[in-house]
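Please read through the structure below; I'll follow up with questions.
Chain naming follows the written order as A, B, C and D, and within any one chain the residues start at number 1.
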Amino acid sequence: MAGMKRIGILTGGGDCPGLNAVVRAVSKTAMAEYGATIIGIEDGFEGLVAGSGRELCNADVSGIINLGGTILGTSNKGDPWHFPVAGADGPEIHDCSVQAMEHYRRWQLDCLVTVGGDGTMNISHRLAGLGANVVGVPKTIDNDLAATDLTFGHDTAVFVATEAIDRLHTTASAHHRVMVIEVMGRYAGWIALTAGLAGGADIILIPEIPFSWEAVYRKVIERSRHGKRFSIVCVAEGAKCPDVGEVVKSYDAKRTDAKQLGGVGDVVARRVAEGTGLETRVTVLGHLLRGGSPTPFDRVLATRFGVLAAHLAGRGQYGFMAALHGSVVEPVPIADAVSRLKIVTHDHEYVQVARAVGTSFGDA
Amino acid sequence: MAGMKRIGILTGGGDCPGLNAVVRAVSKTAMAEYGATIIGIEDGFEGLVAGSGRELCNADVSGIINLGGTILGTSNKGDPWHFPVAGADGPEIHDCSVQAMEHYRRWQLDCLVTVGGDGTMNISHRLAGLGANVVGVPKTIDNDLAATDLTFGHDTAVFVATEAIDRLHTTASAHHRVMVIEVMGRYAGWIALTAGLAGGADIILIPEIPFSWEAVYRKVIERSRHGKRFSIVCVAEGAKCPDVGEVVKSYDAKRTDAKQLGGVGDVVARRVAEGTGLETRVTVLGHLLRGGSPTPFDRVLATRFGVLAAHLAGRGQYGFMAALHGSVVEPVPIADAVSRLKIVTHDHEYVQVARAVGTSFGDA
Amino acid sequence: MAGMKRIGILTGGGDCPGLNAVVRAVSKTAMAEYGATIIGIEDGFEGLVAGSGRELCNADVSGIINLGGTILGTSNKGDPWHFPVAGADGPEIHDCSVQAMEHYRRWQLDCLVTVGGDGTMNISHRLAGLGANVVGVPKTIDNDLAATDLTFGHDTAVFVATEAIDRLHTTASAHHRVMVIEVMGRYAGWIALTAGLAGGADIILIPEIPFSWEAVYRKVIERSRHGKRFSIVCVAEGAKCPDVGEVVKSYDAKRTDAKQLGGVGDVVARRVAEGTGLETRVTVLGHLLRGGSPTPFDRVLATRFGVLAAHLAGRGQYGFMAALHGSVVEPVPIADAVSRLKIVTHDHEYVQVARAVGTSFGDA
Amino acid sequence: MAGMKRIGILTGGGDCPGLNAVVRAVSKTAMAEYGATIIGIEDGFEGLVAGSGRELCNADVSGIINLGGTILGTSNKGDPWHFPVAGADGPEIHDCSVQAMEHYRRWQLDCLVTVGGDGTMNISHRLAGLGANVVGVPKTIDNDLAATDLTFGHDTAVFVATEAIDRLHTTASAHHRVMVIEVMGRYAGWIALTAGLAGGADIILIPEIPFSWEAVYRKVIERSRHGKRFSIVCVAEGAKCPDVGEVVKSYDAKRTDAKQLGGVGDVVARRVAEGTGLETRVTVLGHLLRGGSPTPFDRVLATRFGVLAAHLAGRGQYGFMAALHGSVVEPVPIADAVSRLKIVTHDHEYVQVARAVGTSFGDA
């Protein structure tokens, strides 16, 4: 078959359930419908800069739709324009975009499919400026990309968080206790909001809605007075505590000295204990939300995105990203998708629905 | 509060994960925002005819968002116009719509919220004709209601079916076997299609797409030749087997004599064994798909429907059903919602996506 | 390291959750503590006869403790003394034990670790008679090996079956229905008994306890009279139906003609529908019980067995099988382990406990 | 039935999956086999002191085998000899054992079945000294009671912790990261040990085995050098950090001022980040381990304990506690069961098995 396409694929940014479903769908569709050769690039843009990749065959992408993680590896540190290179005194930051494009050409790629979040789309857009043909697939467990109604990974994260809230609910046999559960969401509170709604949390604290300690105490005490044996507080890691500000819990080699121990969940728990006189317990889910098998919903969405991306690559419609609008999966220009975050608005339907069933956001 | 509303609520038709989330959302919202009194009617329209119901308080509807089943009970046999009444020679079918309206009035209902599928909406529409104010909430695990993009319960059914397909996948260590899995879906194949897509089934057989045994055998044998150790066939209970027709497996007291043993899954398994010479195994999920805790997705959708229904009832906007269109929950006239089924079309995106990743529908 | 051991390992018989945990534990322990080389033999004794195997490195056995299936493959058809060989008129059965021993020697094995059930232990014992050094690890989801209190895989099978019974329980909202659930267990009813106990089944039917239809009907009707909305019948596939005998549902190419459709679950469902007048539904779990990730209990037991097997192989204590007695894992002679099945006795504590909480075995 | 027994039952101490299975088994067995009347006492010994309890009927204890929590409520603060009573200046501690015995007599109890851990058994023993007939059922998710091989709740806690470790494993796609997971276990490390074994943790830190930071760093760095993309550290909340000592994370109204934020998981994470230069993430499971539906294993064990307790109460064999020894459930004197903790010994088989498969305890 003359003119068979050569398509590279990489997964950038943090882990997200559904990445393998995308890799499978892109590869199977592009192979079967366009006779394409697929080059799997390792560890996101790191592999593009370093030239590490391999041809994927059908067996490589079979039986992986339900696997967490990504068979290609991923990396948070792969911006080709700010790439860490080993130097005499430790890593130095270099512009390695030339090397990235060199490997794009050496692999004779007709197109590069990039699966990732805002950062990945941004880099993809810039690579397009250097002459690469790119097709994007959006990914974020936080669901904070404005260009698409939903991304895969989010439903799984909400599933895990909700299951945890359910477990906390069933320990309601003992008296007067407050359970604080901290979930991911540094800038957008979608996970806390949706899981809090699904799990029936009493209080939801998210970055977008400022809260006061007094309103939180009041809700807890009011429940206690009404004979409710406990309250559940679902807090996004990026929620901004009054008097305290943002609390980032990340134990990073170069940044730990300045950091206190514990995260926003711990701060909330201590303050609620002090403010209400009730015993308080904390659960911090952390990376649990990024792991494990994707839900069927996420697998289907990831597969739909992947099939569209394969068609875009196969037909030469470059520069687009797959997106979900309503119930339709369709292409949007990557340029439009970059840097437009979607955060929770104060009058979003989910916020109104949560308030209607009695949930407090700590703001009144 | 003068003029406080009195709102009845019932759940009709078969069980469906998310019913309790609706009951909770309707009740909490109507109580908090409209000061309403809620009458929980037992066992669907049976309770309306029989006058069995009770006032629900806040404690009744707390902590139930994650429970399967329905705290109100439900029934398949509650059409007031064709109601089974004990007679001298066994049950006789009577028109009991007068009794139903009598209880509607005796409870002094301002509105009746009915949660159910096509049958329930139909009855609701006819009760409206007799003077009842009704608000509908759609429910079907099959997702076959045309008036709404999605209903709650479907995601949970797909989740359970997909988890089962995953388990079958991991028994792939033994040679040359065919696993047949039968799921619900008498008229619409959405569950088989979506779970088959999410679970990576090799063959999906649904009522809407006629299939031939030869095409099924061919796909299985082709996989076996390519070194795949097994094939998974996901079949909807309503799939129409060539030469056999529809196979209904329901062991009902009055109807069993005429029935063979086994259902469509058994028929497919035997034919595939004969046609391919391979060992075949069957799993029949049956009512597993209707049971258990709803997924977070279904809880959120059920809660959104319930909150809207409470607002419609509270504001006096009767005759409407909650529906999802794209990402918006909005009212549609119940009259429009009745009797319009949504089945899988041959060119539906999911069918195309499934074919793109190599799934066969037994039709080529 | 002079005299480093060479240890072969194979997994025989049907799939069973925990096989990979054994392979991992044997390999890691034998490599680290005895400097052994591990040869992974493919597809059970088939691979020994055919000479298909490969050296396993640390990476091969890392990260597999939670995987279902077996990375080595398995086979039900691998008895070297009755081995199917392609002949002019289809497969012929040959004695291939010489080939098996030939590969044992060609791989220069000091010991062969076999993981399997009664059949596998039997073959292992006979290979020992031909000069092979063997160490056994027992495996059966049915838990019917007399030489060990428990085997891995059983807890997982019970887990899946119990989860299914739980789901059926939550569809209790509709009236007067009987749910029949068929689980594995051709000769021993341990899965049905244990899952029935854990799931609160109302009736448990197992091969070891003869039952009468009348007793089954009576229990169902009695519950219906006491206002219970439904009954759950948990039936082992090998339960012997009165007037009907054993019903084997296996769609095998060469054996299907003589078979009816459906299995024991279908027979029970139809009879209960006829005998009680109630609607009846069937769920057939089939191979779901063999698939999926092992429970932690099974992983730990499999790991304990594997570590002991590695020590036995490493120390040259051949001819033993790992076994659990009380809370101790210890070696027993393979010769003793062969062909002694453990079935449910009528006065087993579990039977008494089930009766104490109101479960019927259909025998009174 | 003259002389029908009156049996009280209470659940003491913290929540534990399986409590409802015990309540059900005790009640059903005692009602059916001894015609007993069951008094369910609320909130552990608090209800005995306060006289709050009610007769349980069959419907109360049906369908609860799979529920987390306890339908009776429980309490950590119910020692009758040190009972908090509201005083002028806040709660005062009184001896209320007289009131407890008064209610025992007013309810005309023949026997009191107490379900709880070490504290509960201790109080039960002292109540026996005042003339109460008591039968005990052991409970602890930590599995630290010496008088029984196992208690229910532990398997569920291990299940939840292992599932979490599995999820962390699948986020292994990104480079060089350390995942710390903190589980319950203040004095005994059984949960961390067993879940670490089942989940394949690389490092397990428990209270019983002193560890050094250097050994922990060394293991992490060694794995990183061998190309492993990450390490998982499973740490019991009571593990004693060198230079730091025990870190108790409990946000209690009266005790918070002296406390730092964060728990042992945070301390380990920060130190590992500093000591290895790698990014580190923390998950703190907290009360997730006490919540949710019990595993089938725990339900069966709880039911066996409950049935035995009912027989002991019914037959008048007071002063005993149900215990598991090997595979046998049998009575042991409560007096012997009190205050004998079972901790992990350095040469316990599980420790040896974990070391054999390459796990480090940070001690070498």
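Going forward, a contact is a pair of C-beta atoms (placed from the backbone, for glycine too) under 8 Å apart; a residue touches a chain by one contact, two chains touch by 3 or more.
Keep in mind the model is a prediction, meaning the values are calculated, not measured.
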| item | value |
| --- | --- |
| Partner chains shared by subunit C and subunit D (touch criterion as defined above) | none |
| Farthest chain (mean CA position) relative to subunit D | B |
| Distance between chain centroids, defined by C-alpha means - subunit A, subunit C (Å) | 40 |
| Between subunit D and subunit A, distance of the C-alpha-averaged centres to the nearest whole Å | 35 |
| For subunit D, residues contacting two or more additional chains | 166, 169, 172, 293 |
| Set of all touching chain pairs, with the criterion as stated earlier | A-B, A-D, B-C, C-D |
| Subunit B - residues contacting subunit A, complex | 24-25, 28-29, 32-33, 62-63, 65-66, 149, 155, 158-159, 162, 166, 169, 172, 194-195, 197-200, 228, 293, 295-297, 299-300, 303-304, 307, 310, 325-329, 349-350, 352-353, 356-358 |
| Subunit A partner contacts - residues on subunit D that touch it in the complex | 11, 14-15, 19, 43, 67-70, 72-77, 160, 164, 166-175, 179, 229, 249-253, 256, 259-263, 266-267, 269-270, 272-274, 276-288, 290-293 |
